[in-house]
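Next up: some structures, all given as structure tokens.
One chain, chain A, appears in both complexes that follow, with chain B as partner in the first and chain C in the second.
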Partner chain A sequence: MWGKRLFIAVFLIPPLLLYGIFVVSPYAQAFQISGTDWSGLSPAYEFVGLDNFRRLLGDGYFWTALKHNGLLLVLLPVATIVAGLFFASMISVGGRADRAGVHGVRGSGFYRVVYFFPQVLSVAIIGVLWKEMYAPHTGMINGFLRGIGLDGLAVAWLGDPRFSFWCVLAVLIWMNVGFYVVLFGAAMQSIPRDLYEAALLDGASRVTTLVRITVPLLWDTIQVAWVYLAIVAIDGFAIVQIITNGGPGSSSDVVGLRLYKTAFGDGQFGYASAIGVAMFFLTLTVAVMFLRATRRERVEL
Partner chain B sequence: MDRLSRRGLLQGAAGVAAAGALGGCAMGGDDATNGDAKGTTSANNPLGVKEDAPLEVVIFNGGFGEEYAKAHEALYRGRYPKAEIKHSATQQIAETLQPRFVAGDPPDVIDNSGGSQIDFNGLVSQGALTDLGELLDAPSLDDPGKKVRDTLLPGIVDVGSYDGKFLTVNYAYSAYGIWYSKKLFDAKGWEYPTTWDGMIALCRTIKAAGIAPWTYTGVHARYMSWPILTAAAKLGGIEVIKAIDNLEPNAWKHDAVRTAADAYYQLAVDGFLQPGAEGMDHIQSQTEWCRGHAAFISCGSWLENEQKSVTPPGFDMAVAPTPSLGTSDKLPFGAFRGTGSEPFIVPAKGKNVRGGMEYLRIMLSKKAAADFTTRVSSLTAVTGAADGLSLGPGLTSVTKLIDASQGSAFTWLYSTYYRKLERERVNAASLELFTKRITASQWCDRVQKSADEFAKDPAIKKYKRA
Partner chain C sequence: MALLTETPPESPPETFYQKTERTVPVISHLFLIGWALVTTLPLVWAVLSSFKSDNEILTDPWSLPSELRWNNWARAWGEAHIGRYFLNSAIVVTGALAITMLFGAMAAYVLARYRFRGNRIVYFAFTGGMMFPVFLALVPLFFVVRNLGLLGTLPGLTLVYAAYSLPFTVFFLTAFFRTLPTSVAEAAMVDGCGHFRLFFSVMLPMARPGLVGVAIFNFLFQWNQYVLPIVLMQGEGAERKWVLAQGLTALAVNEGYRGDFSGLFAGMTIAMLPVLAAYLLFHRQFQSGLAAGQLH
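Let's look at the complex of A and B:
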């Protein structure tokens, strides 16, 4: 019996140890640090109880950032999933009905590859690329607008607090949608073609097919996508930091960036950890809520 | 029961986690060693460096690169051949070195610069920096009869001091002003104005000629707060700036600041700012300026080096002081903001503090400083180190600016004391001002409100400028 336990332990201990050191322990320490006034520059610190969290409640900059994360949380998953479903169904089943049966639009193989491109680029490259795209004089977007005679619309996108957040949101959708096209596309392959053919014979339109057949049969996948995208929305740090760095003012700030600036810019690791702890609970709550809210009967094929 | 229970497994995992938390704590243990062990002093070695003690130098790998530091290290090696020198360079100073400060194992010399420099407020309040007073009073390398203190340009000791202790050597000397292309101005017959009325009149002419009179970086709109504060200091005297540095109530609402802000706000009102500038970062706006799309830009003297690759030949950039706002300005037209940048520090807990100070003493020799100026086209904190060197047009105009000012150069310190106040708050308010979303008077109110927040925040250590 001991031999068996030892055998199991030998396999379990290394991964648990790694997990403990690199995942659990930083989390635990963040909780500890959030109760201190640690500056992050010397081993000296004092416990200040819940002061950091009290300060958080009255910190307008934090709430502005949180509001942006909230907006992302509502808009990013919806927009990405809708766009992803649309593109995926166009690629797999959206083609003109003809003798070849149900198939994708012409050139669907090409689109499948092209949509995946942003996923291949690193976040840093995407950020720098879009920053230049949005540039007021040299950027492609304004160049295009001027080219078609819409000079009045060629504004300083990232320099205007009315637009900066939406510019970042557009990039986030752009960089994420490709992955979900592939994900949904792969899931659609497992839906039997005859279901679509039957629907077509019954005279169902494409929209009806999408809503009545594709979405219910992909529900598990969509649910997972939703949770992933929610996590991306609550984070958003890298892309915001590169494209706008939260500006102008705090018009595109997100909580992750606030945390980073508080820690490394202001040397207030205690307060930054409090922000991190708040975010931890927020992410957890959101994930649980999504899973609860989207729980449905499984459709068996 | 021969299976591990679920609970047992969880307990085990918790135990592992606890062990991990204890083993790899981010907040560090300590730090028994202090590297202030002094070797014997001599005329040749006034700081008492231990000859064989290794020295670690970390350089910010930004606009100036790292090659200049390797040359300085070679000079150190020449004096102490037994010392082993470890050199590294990074752009992420704070991220790389913060854990080492916590562990009590910082390098001996750090060039704490760039976007992610370690916040000085934190470093100073934690006592993490060596008091470099001893270095100031040590004989200079070039002339043993002269103290290092007396070889530095005016303002260098001020900007490196916190509550009277000299903690940072700002090695590069930057002059701030309004930049223009002499070639363009000569070709059009324009002359740089000495008064603000003259500036507005000239802007009208420039605009009529189809060039945007001014451009600026909206992303770093604080660049435009520099001429405002400079003009305010010239109008109302240096006391205006000192009140700002000391976070005094209503310092930003002083009449001089309001008048200056209003003057520059006029540029936005009259449409003298390049359209779209509010969306540009500093490189984009400086490049627009280099391409001749705008006549004026506010910047520091690193501009020439930063724009080296895109400046057209014969562009002939030149810097000028901010125009005087009135006829009875307290400071002359020639007064400008001149201050040190590229702050070098010697951490108090370094292994070789003496060696760190000696390294700085070597950097402050004329030979090392001239080498720096030649390599990176920037002046240094060392008086007269650029004499006789052939400089680019921009830097030549900086030396003329310094000569013409006759010692009336000044600077503010609030941006080093309270970095975030400038980098975030003034930055944001300035963009609002130059996009006409707020007026000059609202700008003063907004920045004052932020300054008051800093004054009240117990987490921020306050400094007093004398």
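Let's look at the complex of A and C:
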């Protein structure tokens, strides 16, 4: 019996120690620090209760950043899932239809491999790459626009507060679509081909089969996709920090970047932790709302 | 896209099929190739630009390099320290991955196969970590690491990477160890095999498929980290310990001032080619590993 207990202890204590020191204790401390005016320089700080949160409510910069996260939260999942389903359908059932059923396109393996490229690149590389893509004189996008004679459209994408947020959103969509094409494509493998064949024979269009067959049968996968894209949207820090650093002004700011600048730029660690706690409750609210909203009967085959 | 709705009702099924046979695949390919270009052109552009001269980059972003200027790569690797950052990334990720997999497998195995008081509590403590945004921990984590004297050091970053990889690793591997048959373990115990030997020589080899999948997921998670290194690798002399993600973004900021665009593109290419090459070699494993990671 002692052998077993010793074994359990030896196997559990080192991972628990590592996890407790670097993960559990920071999370626990975050809530505590959010109630202080700690500036990090001296060990002295005072508990200010909910003052940080009161300040948060009146902080225009925070609300602007939150508004951008809210927009991302709606637009990123919708755009990515629609594009992902669209391309996945074309790969899986966009080929010819004959007596054997509906086929996928030729070279579907090639598309799956290529679409996945952005997924294996780090956010830092993607951020730097797109910053250069958008560059006014040396960038590929303006080079293309000038090349086809649209010189008027070749603007300073990241330097214009009207465009900066949308530029960031485009990059986030670009880097995520491929993964969901692969994911939805894999899920579509389990849908019987003859369902599509029967629908097409009855005169349904391909778009109808996508909306009426694919979407209901992939509903579980789409939900999971939405959750993960929501996590990306609530974060958004790396891409925004690298590409625009929230600017110009705060036209592309997000909450994560607010937190980072407040803590490591201004040294207001108490207030920054309050932003972190707000972010946590935001995540929680979104999760609960999502679970409520998507409760829907499953379609069983 | 409403191609098929226009089919006249009197047309026999044969022509209907023949019609779709011709048009639908063509349209599908047009869209699919379009997105393939959107995905790959920026990457190709970065690689091509890494061989251009600054003058070529400035005059026409779409021009081809007039010659293969490998000295751009040499400059990025040496003067811009991409080589050093690369090495730092490799050291941190190798160490972190080893710790993650060992600790993760140990904890998951015990949680999956042994009954003891507190088993559920430990399990939920580990997996509950997946629910919290890392931003919440950022400020206290900075001070925890600083107080341990590990700020701006490679061992500090290694331990933090490993710790933040544990929730998913434990979650995934616990489920995996539960699926392994108990008969083999029982037979080994009857033969006098101890708990430790049973784990290292019987259970770990049996769990290999699961370990590989979660290792690929963790590799990408750790190699691609951005917010943890920029928070934890600050302070005096920390530039020498920077990892690739951080070094590359710093390069992007600095090269902008110095106007060394070709060096920046070369650094970017050096940073992205190894992972892309590994992906092309093992794309099945990468895709299933990542899909498993997202779909827990």
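By our rule, the second predicted complex is superposed on the first by the 272 of 301 C-alpha atoms of A that agree within 3 Å, B and C clash if a C-alpha of one lies under 4 Å from a C-alpha of the other, contacts with A are read in each partner's own complex, and residues count from 1 in each chain.
Heads up, the rule we're going with is that contacts are C-beta pairs under 8 Å (C-beta built on N, C-alpha and C of every residue); 3 or more make two chains touch, one makes a residue touch a chain.
These numbers come from a predicted model, not from an experiment.
By the touch criterion defined above, A:247 lies against chain B but remains apart from chain C after alignment on the C-alpha atoms of chain A. Of the two partner chains, both chain B and chain C are touched by A:138.
Judged by the touch definition given at the top, the superposed model places A:8 against both chain B and chain C. By the touch criterion stated above, A:21 is placed in contact with chain B and with chain C alike.
By the touch criterion defined above, A:29 reaches both chain B and chain C.
With both structures placed on the common chain, the touch criterion links A:267 to chain B but leaves chain C unconnected.
In the superposition on chain A, A:160 makes contact with chain B only, not with chain C. Residue contacts after overlaying the shared chain place A:106 against chain C, while chain B stays out of touching range. Chain A has more of its residues touched by C than by the other of chain B and chain C. Once chain A of one complex is fitted onto chain A of the other, the partner contacts of A:40 extend to both chain B and chain C. Chain A residues in contact with chain B (one complex) as well as with chain C (other complex) are 4-5, 8, 12, 16, 19, 21, 24-26, 29, 33, 40, 131, 137-138, 142, 264. For chain A in complex with chain C, the residues that touch the partner chain are 3-5, 7-8, 11-12, 14-16, 18-19, 21-27, 29-30, 33, 40, 83, 86-87, 90-91, 94-99, 105-106, 110-125, 127-133, 137-140, 142-144, 147, 174, 177-179, 182-183, 186, 200-201, 203-207, 221, 224, 228, 231, 234-235, 237-238, 242, 255-256, 259-260, 263-264, 269, 272-273, 276-277, 279-280, 283.
Within the complex formed with chain A, the residues of chain B that make contact are 2, 4, 9, 12-13, 16-21, 23-31, 94-95, 98, 101-102, 104, 116, 118-119, 121-123, 125-128, 218-219, 221, 275-281, 284, 288, 293, 419-420, 423-424, 427-428, 431-432, 435, 459.
Partner chain A is touched in their complex by these residues of chain C: 1-5, 7, 13, 17, 20-21, 24-25, 27-29, 31-32, 35-36, 38-43, 45-46, 49, 57-58, 60-62, 99, 103-104, 106-107, 109-111, 114, 116, 122, 125-126, 129, 131-133, 135-145, 148, 159-160, 162-164, 166-167, 170, 194-196, 199, 220, 223-227, 231, 234, 244-246, 248-249, 251-252, 261, 264-265, 268, 271-272, 275-276, 278-280, 283, 286-287, 290-291, 294-295. Residue ranges of chain A in contact with chain B, taken from their complex: 1, 4-5, 8, 12-13, 16-17, 19-21, 24-26, 28-29, 32-33, 36-45, 131, 134-138, 142, 154-160, 245, 247-250, 261, 264-268, 271.
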